[in-house]
Amino acid sequence: MPTNSRGMASAGNPPPIARRRFVEVLLGSGFVATAVAFLYPVLRYLVPPKAPDLGSDAVVAGRVGELKPNSGKVFRFGNHPGLLIRTSSGEYRAMSATCTHLSCTVQYRDDLRQVWCACHNGKYDLNGRNIAGPPPRPLENFEVQVRGDEIFVRRRLEA
Amino acid sequence: MSPLRNLRSWLDERLSWDELVAPLRKKTVPLHRLSYWYFLGGITLFLFVIQVVTGILLLLYYRSGANEAFESVQYIMTQVKFGWLIRSIHSWSANLMIFTAFAHMFSVLFLKAYRKPRELTWVSGVILLFLVMGFGFSGYLLPWNTLAFFATKVGTEITGQVPILGKPMMIFLRGGEEVTGATLTRFFGFHVAVLPGLATVLILLHLLLVQRLGMSIPPKLEVEWTANPSARREMKFFPNFLLRELMAWYVGLGVLGALAAVFPWNLGVKADPFVAAPAGIKPEWYFLFMFQTLKLIPPKVWLIDGEVLGVLAFGLVGLLWLLLPFFESDQPSRTKRWITGFAVFALAYVAGMSVYGHLAK
Amino acid sequence: MAILRNNLRLYGAARYFGLAYVVLAACLGFGQTKNSCLDCHSVLPDALGVSQETFSQDIHAQKGLTCTSCHGGDATSDDPDKAMSRKAGWKGKIDRKQIPQLCGTCHSDPAYIRQFNPSLRTDQLGQYRTSVHGKRLAAGDTKVAVCTDCHSVHDLRAPSDPRSTVNPVNVASTCSRCHSDAGYMKGYSIPTDQFAKYSTSVHYQALAVRGDLSAPTCTTCHGNHGAAPPGVDRVQNVCSNCHTFQAQMYEKSSHKAAFQRASLPGCVVCHSNHGIIHPTDAKLGTGPDAVCMQCHTPGDACDQARAGLLSSLKRLDEAVKSADQVLGVAESSGMEVSEARLGQDQARDSLTKARVTIHSFRTDLVDQDIQAGLKIAAKDLQAGKEAMVERNYRRVGLGISLIAIGIALAGLWLYIRKIES
């Protein structure tokens, strides 16, 4: 009687009895099938997915030259919209684009030189501070870094 | 068969393999009405191995840090092929492991397997249980979702209640006064480095002790079998018992797979330290009995703060629990009935409080 | 009056010794200058009673003003005759007609007010004179509101204090004290149900229930000191302070000119005034909440445009809802669809935007928003369906794995039986 159960899986030995062979085949195929069932997901898991990792704390909000002075654009920051602004002096600012009043998406108004929410006429200054209308809180302000051609925006680290 | 034979003899020449596995061949498992309780330790070990494997796989994509942890877990759950499966198995297996560890402990307690000479096996086992709960507590925070954030806040707050040592301990755990990204970094370190190291050493010790001392026989049966050696029944550990254990592991795998596929572990909402704690925040189920007890103790008992009293009482009970074998008689015929009574009470208390805590608002 | 004063004197004399130590203690305790008014008025019954405690809450008391600042007289004298003598400038109870003027002596004096709060306005009296209240008071009607009716008196608090009668959350109930009293308002040809209607409005919900202090109350539309109805053709100017987009679109729309010609009050025509409830698409319908067909003829070009707009809104609304439903099922079976959920928010935004664009009354503009929303909702629906496919894929995978495990278990069991037989 073989004590090594793995020995059962190899079909090299002619079986003395048909019944014994059946048990061996059953056990062997059971082991192989389960091994495949476990290894297949693991191997698929190991292959890095094509979709870029959205967990990064910095996103590329735009490219240098894309924004004229005194203009702004909405970009995607993780699961939420962000607002990138180029001030009339050419400086970049970034903040959350979700209005703190009723969560509408805010926009940059070049005529007002302010951030403006269309829903109830809320206004924020270029640091995200609520200065007029209903918004109860400032917009979260993000950090902007220009690296080469790309404008990176990241959350400010915890104070 | 011959290549395998060759490999075996090759190994035997270098490692004296047969000598190494000889104790395993000699090992027997007593056969009686309650034998199936012997499987629980092995199942717990199996689940631990699953944890190690899935844990390592999760490390390929997980990133700690308040800004990234939630997103990386979300990435695992949505983008990585079978990421949902690996993470769900890790979470489900963690919970099952804690459950089987508890069950294993109580079975050892009721079968009085902790008696001399197995005191150290018991002590190492109880410490392992504490470690496993530490795994649960630290791992729960890693996805950085709201529930985990506030459960950790409450849990570390309770640590802070311990007199004198509490505050420094809380600050050590949190990596500061508050639960922040620093806490996450620490908990990650505990979860993937400190605790696995400790647990591995203790598991090896635990297994070595089990191997050296053999399987325990319940005292009643031991008295019977000593009086009448012909009544003795046992099963060879290898391969008979191990094959049965293997069947239990396969069943365990099937259960895990089904739980993970039908009830994938959910992701929750990203933690935001500035929102109010959701109402009725509760810890994981294995901490519920302690949590509920602390809630039931009145704020002031005599002159002492109720919560402090509760934390101290749990500390004391934990210590007594660890040293339980040293209160037991070494004569199988004279085992202490009060310890069984205590065990029944403890089981009823833990179960009752957990259910109460689950139902309470 | 003389009898009352004599009684007071007796009363005061009788209590003089008894009160002496209390007053002394009070003076020592608070280190205040002597104020003999409170000796009597703090124990007098309601109409004449003002306790030290009440008056100390008054912003004027906190800024150092005393009884005599408004009422005149000599608070240093313990003799009621001397303290309340005309010679000492005592004015007694201020006549209602004089109150605005009296308050104005300080509040219309920028140089004086600047000492306390440089940014506090000083145009209240001027505004008041332009208000319906002010005009009627000037014409001799003393039932109308004067300063103290709204701001209260002797316990007057800054408007930012939540206990102030003119704090945003309290304004409506303050106005309603008169304007909801049918008996009091008899003789004026205005309704008294404004407060009842306002209490059902979306603005009241925002202010009182959600606690959004920026939400409009009576004074936001009518003005406070210069309170008056906004005037039929100026309504949209009032609403546009918050509802900018709607106003911009309405300004350019054909309805503006038409309403002006017919002397109809802009926004109010469709949305009413005090009882503005959250508008639904039913407004564009033909049911009881419908507004278009009150003027338009069934079957004309406008009616057809109306029906088109309504069906566009409904189509997007249904698309969003059906995507939501599929995503909900996927989510409850543990699938991760937060990405599509995020998309749903954008689809809902498009729907909201389309509803705003209705104010342009142009089908082409509304259609742009509808199409944008439909596109997103379709993508989300697809994501939800894919999640459901994925769910089934997982279950099939599970089934296959379980079969494999079953075979291994059967093999093991048979093998154990064999080696043990």
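In order of appearance the chains are A, B and C, and numbering begins at 1 in each one.
Please note the rule applied: a contact is a pair of C-beta atoms (placed from the backbone, for glycine too) under 8 Å apart; a residue touches a chain by one contact, two chains touch by 3 or more.
Small disclaimer: the values here were computed from a predicted structure and weren't measured.
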item: Most centrally placed chain, judged by C-alpha centres; value: A
item: Longest centre-to-centre distance from subunit B, chain (CA-based); value: C
item: Distance from subunit C to subunit A - Cα centre to Cα centre, in angstrom; value: 39
item: Distance between the centres, which are taken as Cα means, of subunit C and subunit B, whole angstrom; value: 56
item: Subunit A and subunit B, separation of their C-alpha mean positions in angstrom; value: 33
item: Numbers and ranges of subunit C residues touching at least 2 other chains; value: 338-339, 397, 401, 405, 408-409, 412, 415, 419
item: Touching two or more other chains - residue numbers and ranges from subunit A; value: 5, 34, 38, 41
item: Residues of subunit B touching at least two other chains; value: 74, 85, 239, 243, 250, 253
item: Subunit A-touching residues of subunit B, taken from the complex the two chains share; value: 1, 4, 57, 60, 63, 65-68, 70-72, 74-75, 79-83, 85-86, 180-181, 238-239, 243, 250, 253
item: Residues on subunit C engaged by subunit A in the complex (per definition of touch); value: 212-215, 241-245, 338-339, 342, 349, 397, 400-401, 403-405, 407-412, 414-415, 418-419
item: Residue ranges of subunit A in contact with subunit B within the complex; value: 3-7, 10, 12-13, 34, 38, 41-42, 44-49, 51, 53-57, 78, 154-155, 158
item: Residue ranges of subunit A in contact with subunit C within the complex; value: 1, 5, 8, 20, 23, 26-31, 33-34, 36-38, 41, 79, 101, 104-105, 118-121, 133-136
item: Subunit C residues within the subunit B interface of the complex; value: 333-336, 338-339, 394-395, 397-398, 401-402, 405-406, 408-409, 412-413, 415-416, 419-420
